[in-house]
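In order of appearance the chains are A, B, C and D, and numbering begins at 1 in each one.
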Amino acid sequence: MGFFQSNLPYLLAGISTGGQYALIAIGYTMVYGILRLINFAHGDVFMCAALMVIYSASYMPLYVSLPLAVIATGVIGFAIERVAYKPLRTAPRMSAMISAIGMSYLLQNLALYVTGGLTKYYPSVPFIADSIEIFGAMTKRVTVITPFVTIILIVALVSIIKYTKIGIAMRAVSRDFETAQLMGVRINSVISATFVIGSLLAAIGSILFFSNYTGVTPTVGGMPGLKAFVAAVFGGIGSIPGAVIGAFIIGICENIIKGLGWTTFSDAFTFVLLIIVLMFMPTGLFGEKATDKV
Amino acid sequence: MDKTKRRDLIISFVLIACIFLIVAVLEQILPKTSMLFTVLKKGSIYALVAVSMNLLNGFTGLFSLGQAGFMLLGAYTYAVLTIPVKSRAAVYQYYDGGIIQFAVPVAVGILLAGVVAAFFAYLIGLPVLHLKSDYLAIATLGFAEIIRAIFQWDKLGGLTNGSNLLRRFPIFRSALFPFAVSGFCIAIIVLLINSTYGRAFKAIRDDEVAAEAMGINLAHHKRLAFTISSFFAGISGALLAMFQTTVQASQFKSAMTYEILLIVVIGGIGSITGSCISSFLFIACSEWWLRFLDNADTYIGGFHVPLLRPGFRKVVFSIVIMAIVLLYQRGIMGDKEFSIEGIRKWLSKKLRKKEAHA
Amino acid sequence: MSSTVLEMNDITMQFGGVVAVNSLTMHVDQGEIVSLIGPNGAGKTTAFNVITGVYAPTNGNVFFMGKKIVENHPVGKMKKLYAGTDNGKYTGHLEPTPDQITKLGIARTFQNIRLWKSQSVFDNVLIAKHLRRTSNVFTATFRLNAVEEKRQREETAELLNILGLYGVKDNNCTSLPYGLQRRLEIARALATEPTLLLLDEPAAGMNPQETIELTDFIGKIRDDFKLTVCMIEHHMDLVMNISDRIYVLNFGALISKGTPAEVQSDPAVIAAYLGEEKNA
Amino acid sequence: MKKLFVVLSILLLVSAVVFAGGEKEGTGASGAKVVKIGVYEPASGDNGAGGKQETLGIQYANSITPTVNIGGTDYEVQLVIVDNESSNDKAVTAASELVSKGVSLVLGSYGSGVSIAGGDTFANAEVPAIGVTCTNPQVTLGNDWYYRICFLDPFQGTVLANYAKDTFGAKKAYALAKLGDDYSVGLCNYFIKAFEALGGEVIYETFPEGTSDFAAYVANAKNKGCDVFYSPVSIEAAALIIEQANTQGLTMPILAGDTWDSNVVLGAAKGTKVDISVTTFFVEGSTDPQITSFVDGFKKYLASNQTAMTNNGGNDEIAAVTAMGFDAYYTALEALKKAGSTKGADIQKVLPEVTYKGVSGDIAFDENGDAVRNVAYVKKVDNTTGKWQFVSVQSVK
């Protein structure tokens, strides 16, 4: 029991970070599935969501500002797509990706400008930010809630993609962009929807994440973003369940590594894991094999 | 035709010579503290690494994001090997002087910087180079991050000084030095690109299957491009170390690679001159020209300019970047090169236009 | 009977349960023009891909100039799925990469044109010369291979001359009309100095006029370059005109072979293939 | 669209030239001669908060004493502030930016890494620098142009080690540093040395840049059964560590260096059960008129200036670094007066003799260019009021 008790914190932290990564990773993986674009700005959208909560919370009660921020994030996601990616549909893939990097720069620097380089602290959301005790391990309630929230959202998302019209359209587009277009699928609305959904999830992810780790700096989106992206690749980029599983694996391993005292490598390990997987499955756990027709 | 080619070649050499001359003269007349030289130094260093990345992403079509990692290897190799023995005790303060107790000459250090980077690139290349586009990208990015972590590991402190600064190694004062080294390296890369191997690289970029079917050994050529590119990344790393006078693993983040990638794409993927020009512009904008935007109390006459305060420079800068990316989708040079011949063609076109109007 | 250039024995190619080529045995002799015909999806291109090392066959082996270049037999889970004839004759595992095959002297063109799009006509051919280089990356970079470089350029120019592409040598290859692009692909293949040339639907998308030109052209290069040609083609008149022998595939299996006359009169072929053409 | 963009960017560059030129002229608005003092501080990045507080001290001092008499003529003191972004690779360009603006001497920086990185640039340009709170020995070691008015890490580390031993009777300490941060890594090293010399045992761990999840580290400290949690890291990390410590109900006391003497830490610790003690340069609530006048004056200054208030972290708690910045400014003026010249070389010559009685104590430099300081104040957080409590004056036995 002592062993269990002493190691529970790592496991809990792992599961919750895993869940939060998952929520970000979905954004990456969906966008990639449809546009074959690594949306580097996604991690920063995650950061913006947090900042908006912080700033709005000083004017209005949390129960207003939280949903508002989530919606606003969706709008940001939509705007980013329209401004930065839509004009580049026909351009080489590389320039779309550069546009993503540029966007990420812009968001970070805007945040830097607004916050004046000072760390902002996330308002503690009642209930979920309270500290509780499970099996003698103290932690925040959010740690326990996160995985469930994540799972629920995933299920909802998957069913959207499976059964709704837009979901079917998404699958069609990700299968074959041109054909879908020819078949009269309204590409732009589908893509926008993808970005909005991705951003919404990122926003919820950020609420969970920052209730736990309250410091928000302009670059705070970077590492979680990168990790989430790795998770997406890990699970086979383009596949939602893959992203989620990848995220949880990475989240948990990362914390175990820290627990073992290999703290220097807590980030690097994520990549070691990734590379090992890619060695044996070049397209990740659930990625569809790329076949080159001769 | 061939005669004009030779003439163009001569003219371009003359131009390059002129650039060197101008820099040399400027160093005499301007105060050596002028920001211009900072930009010229850093710009020339970034030009080299941008070109080396272009060799990979632009000419071989290998989408690699490992550049920062290889620069780190180069920078550390140079720093570790060239710190004078008498200063080591001070630098390796927590690791009683470090394990290396000798120092090599600068030239050797720079060369070894490249060699070490190339060696690691070779090893990394073996497993990852068969990965396809984005998977390759993220794998190389990962390796860069892993290298960074390893170099910060205090168990290796005797060698790398843990995560602490390395300093006191020989550095350069004149901007001519990085110019010369980068120029030399870039020249080699250009020669390579125009050689039969360079053509093979382009073939791989254009169509892997066809290239292989025409007898180009993919594995071998990809590894070649990867290793060579890393070699020069390593050298530029060494130069960067000299420029900064200190090295620390924590600065070689993936953000650095993104920066270089930005330079490459803004310059135009597959354009050497593009990479060079854009790297100078990039550095000048980010480090120099826009600084005034950070100055909170700027007045035009009596009018207090709004918005200006620390951080605004970066906002404007990133907006400029976005504008370039969106408006010049293929970069400022596209895949064209800035050449005498090109200028001549362009001029004659203009002239013809004029005649047409007349 | 002149010497055999290419020899395929019991070549079976299976993708999972799908049998693309089913124990195909064929041979091509020195100086012949052999055609491989059959309805779409009959496994013709797959056969080519096996020869050129793009796919490793599931079973069977390939000899080139009397030397074994490819061999394989079902292993692992393939054993269960395997549908072809497995007479245990083939035990080796020989899976060369396409470039190795090309080095041996087998060059090919592609069904869907695969030129190096950013390159000029001249460079497309010149790059193919890379295979026969003696320089290494160092000598090449520092121009210590000037002699070879010069020779390659001359050879390329000559090749373009023979194929009547010299006039457009500086154009970008994508700017050429379709017919010329196919011709350029052939030129590129020839630049690798092959003894066996595999043409994958060289006449696809050509009008009758171009097709007739192509007929003579293929004959011409066969003689000029002392080649052996094996081609996949749908234009029956072309096939019947220049083929010395014809193999007919249907659903991956060989249903007929022989001289054009024999094949034309083979009821199996008519049923499977020409018949449909008549109705069409 | 393209044209518009081109035009705009050209305008931008033109204005760049204009403004850049505008700053070059030698006389200020008042028409008096101008002496430029460079403020080399982080305004963003990990040490942004601290850097801003330090800058505040300098700005406040400048607002009180905007002129200095050098060699008989009055000069208007103009502060040239650059942001070194708390990162060693940006530091060099930031430093050369200052140099190119023609500053006579430089103040800063908060955070030792950037000071070390920028040091050579200043030395090469023969611009003397006065470190304010860069406590790593490397800053001044072998650099004749870098001086500093704060105590050093070996001293501070030892003080903290002693304190841990004497006050908490700690036998096992958990030391947490940030990878690649000379300040925290250095301070940990000296702490470990001293603490082990005292017969203690230390678990030393590091966290990579951009870490926001400290759960595992706090858990490690608990599991390893340590008696004190020693983490002299940046304020940003500090707040997160306190948060986690509180969440996991960390019972052991937290020890830290001068960085933690900041109202950010107070804010984070207020209303928690976390026991935090820090060593620092300065304590409020002294009766010394000089100090009281500084304290009151600065609080007025904050109240009058909204941005200053935000930069100070939204309240008028005075951080030690602010006091240090304040002193640094006056030390600089002393140096200018003594040198009777605005040339860096002259100033550097006289700096060793410069002395000044500041709000943080007497300031004088030893042969190494380091401040002669042998006392550090220890403060602990009062969790209920969210204020500092003076504990003791510590010095190395």
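Convention: a residue touches a chain if its C-beta (ideal position, glycine included) is under 8 Å from a C-beta of that chain, and two chains touch if they have at least 3 such contacts.
Since the structure is predicted, the reported quantities are computational estimates derived from the model, not experimental observations.
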Separate pieces, if any, that appear once chain D is removed in thought: one piece
Geometric centre: closest chain by C-alpha means: B
Far-end chain from chain D, centres as C-alpha averages: C
Rounded Å distance between chain A and chain D, as computed from the means of their C-alpha atoms: 36
Whole-Å separation of chain centres (CA-atom averages), chain C against chain D: 73
Whole-Å gap between the CA centroids of chain A and chain B: 31
Where chain B and chain C are represented by their mean Cα positions, the distance between them in whole Å: 43
Multi-chain contact residues (two or more partners), chain D: 43-44, 83, 179, 206, 208
For chain B, residues that touch 2 or more chains besides their own: 149, 152, 154, 209, 310-311
Multi-partner residues of chain C (each touching 2 or more other chains): 54, 110
Sites on chain D touched by chain A in the complex: 42-45, 48-49, 52, 83, 179, 205-208, 210-220, 222-223, 235-237, 239-240, 243-244, 246-249, 264, 267-268, 310-311, 313
Touching residues (chain side chain B, partner chain C) in the complex: 188, 191-192, 195-197, 199-200, 202-203, 205-207, 209-219, 224, 228, 270, 335
Complex interface listing, chain A residues touching chain B: 32, 36, 38, 40, 83-84, 87-88, 91-95, 98-99, 101-106, 108-110, 112-113, 116-117, 222, 226, 229-230, 233, 237, 264-265, 267-268, 270-272, 274-275, 278-279, 282-284, 290, 292, 294
Contacting residues of chain D [partner chain B, same complex]: 1-2, 5, 9, 12-13, 15-16, 19-20, 23, 43-44, 81-83, 87-89, 92-93, 96-97, 99-100, 102, 113, 116-117, 120-121, 124-125, 137-138, 141-142, 179-182, 185-186, 189, 206, 208-209
Chain B - residues contacting chain A, complex: 57, 63, 127-128, 130-135, 137-139, 141-143, 145-146, 148-150, 152-154, 208-209, 254-255, 258, 261-262, 265-266, 269, 309-312, 314-315, 317-319, 321-322, 325-326, 329-330
